[in-house]
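Labels A, B, C and D are assigned to the chains in the order they are written; within every chain, residues are numbered from 1.
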Amino acid sequence: MSSKQEIAAFIAREFPQTRVQVLEAGGMAATVAHEVGPDELRPGGTVSGPVMMATADVALYVAILGEIGIVPLTVTTSLNFNFMRKPSADRRIVGICKLMKVGRTLAVGEVALYSEGLPEMVAHAVGTYAIPPGARS
Amino acid sequence: MSSKQEIAAFIAREFPQTRVQVLEAGGMAATVAHEVGPDELRPGGTVSGPVMMATADVALYVAILGEIGIVPLTVTTSLNFNFMRKPSADRRIVGICKLMKVGRTLAVGEVALYSEGLPEMVAHAVGTYAIPPGARS
Amino acid sequence: MSSKQEIAAFIAREFPQTRVQVLEAGGMAATVAHEVGPDELRPGGTVSGPVMMATADVALYVAILGEIGIVPLTVTTSLNFNFMRKPSADRRIVGICKLMKVGRTLAVGEVALYSEGLPEMVAHAVGTYAIPPGARS
Amino acid sequence: MSSKQEIAAFIAREFPQTRVQVLEAGGMAATVAHEVGPDELRPGGTVSGPVMMATADVALYVAILGEIGIVPLTVTTSLNFNFMRKPSADRRIVGICKLMKVGRTLAVGEVALYSEGLPEMVAHAVGTYAIPPGARS
């Protein structure tokens, strides 16, 4: 297992251009937030789909690293998204991940996405990551 | 229906920061390409997942606009991705979309994603867009 | 809105061959159970995938009817499944649905599937239903 | 690799209650057909969703066994469905699977579902199967 600090340092070092911040990690869960500025908006004054997708992907990755330790080659194998409501243009996107399974070779989790501080879910994701053989000690 | 030129101009005007280029549109299909540079890479020398997701999302949007005309408020409702192979770090990501249904309120299509010039599919997406009521003339 | 009794009677009348029972409905949620006997098993002494898929599909349908009333032509537009653990061969499959959105034309929900009485989720589903225009009073 | 005859015999022996018939297998592809009778219909005179889901699941399984041989413990890990048109009540459901990847531990494929003899796709599926370690010779 890795601490939130170790994972945040790993993400900052390996993905220097990321606009996602690790807020919490551990206990089969994680919370992350994606900055929202001009680059993240699309016409109509809303956050673009890929921003929400990136947030969900990182939330899953962080939650899994919290369980198995820093295993960089853990990779996404599938992701499913449902987009439900228009996010606010002036709030960060927050992703709250809960893992449903961390097996020997596959981990599965879901992510609820919100405009920070607002109660209604804007999108929902479910994803699967492949864990490299032998990575879990 | 919109021509490829009209759609490319619309995308360039409304999404000025996009790194996706419209190559073909029409006939229930579209082909787009996403530039790949330092910002699109992740550790291990591969293209990041969100780049592939953005490519698929735009490919679907372009293919649908090719059928229904420029309807900006056509929005993604669901997207499903399977990531199959590591993309090349020095080639554009090309997305080839084929629409399976364009109904009155929903359009469904699939996207095959490749590293440009290489034969093996790196990822596959299926997505649904909601068409605003009354948008189809 | 429909009561649990109304929905259970509707399901029994319209789907006479179903092996799914409505346990709860209302409050943006539903719980259903699928009988498991020889017809539901597959080699290896486990419940077949289609049994779990049918359970999830009915759980979503029941939860939506609980919100919008008996609208038979509400139909599934997309379903995503992740299968995580081998279900027990001698317990019913229970599906617990929580709706995330009930809009004018689309409803979205997730379903957690369990072997009855056991704590670990065996599968997870997310689905979208289309609500016919004008159905919501 | 297994021949179509070997796979059909395996399916008939291990899934005696199945209503799915193997029509073709091999070359990273498979075609199967599901009988449609009173048990497969739902109100409105159409084929039930779970029938289409079962057809897609078997089509993927048969296509994979055609590549890796008879490995019964190959199991579905994820399935995504989009339902597009109402199937005919008096025609078999045909599923045509094309595999996109058969790796060491995961296989991915898509399935187009039709009412037999009609040109328009009624539903589309994408699925992932886990191949047990050591199963591929």
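To be clear about the criterion, contacts are C-beta pairs under 8 Å (C-beta built on N, C-alpha and C of every residue); 3 or more make two chains touch, one makes a residue touch a chain.
Everything numeric in this text was worked out from a predicted model, so none of it was measured.
Trainee: Touching chain C and chain D alike: which chains?
Mentor: A, B
Trainee: Taking each chain's centre as the mean of its C-alpha atoms, give the chain farthest from chain B.
Mentor: Between chain B and the rest, the longest centre separation is with C.
Trainee: Whole-Å distance, chain A centre to chain D centre, using C-alpha means?
Mentor: One centre to the other, that is 33 Å.
Trainee: Report, in whole Å, the distance between the mean C-alpha point of chain A and the mean C-alpha point of chain B.
Mentor: It comes to 22 Å between the two C-alpha centres.
Trainee: Find the geometric centre of each of chain A and chain C from their Cα atoms only, then give the gap between the two centres in Å, rounded to an integer.
Mentor: Here the centre of chain C sits 28 Å away from the centre of chain A.
Trainee: For chain D, what residues touch not just one other chain but two or more?
Mentor: 77-78, 80, 82, 128
Trainee: Provide the residue numbers of chain B that touch chain A in the complex, in ascending order.
Mentor: Those in contact with chain A are residues 14-15, 17, 38-39, 42-44, 49-50, 53-54, 57, 72-73, 75-83.
Trainee: Quick one: in the complex, what on chain A touches chain D?
Mentor: The contact residues of chain A facing chain D are 77-78, 80, 105-106, 128, 130.
Trainee: Touching chain A in the complex: which residues of chain C?
Mentor: 80, 82, 84-85, 100-101, 103, 108, 110, 121, 124, 126, 128
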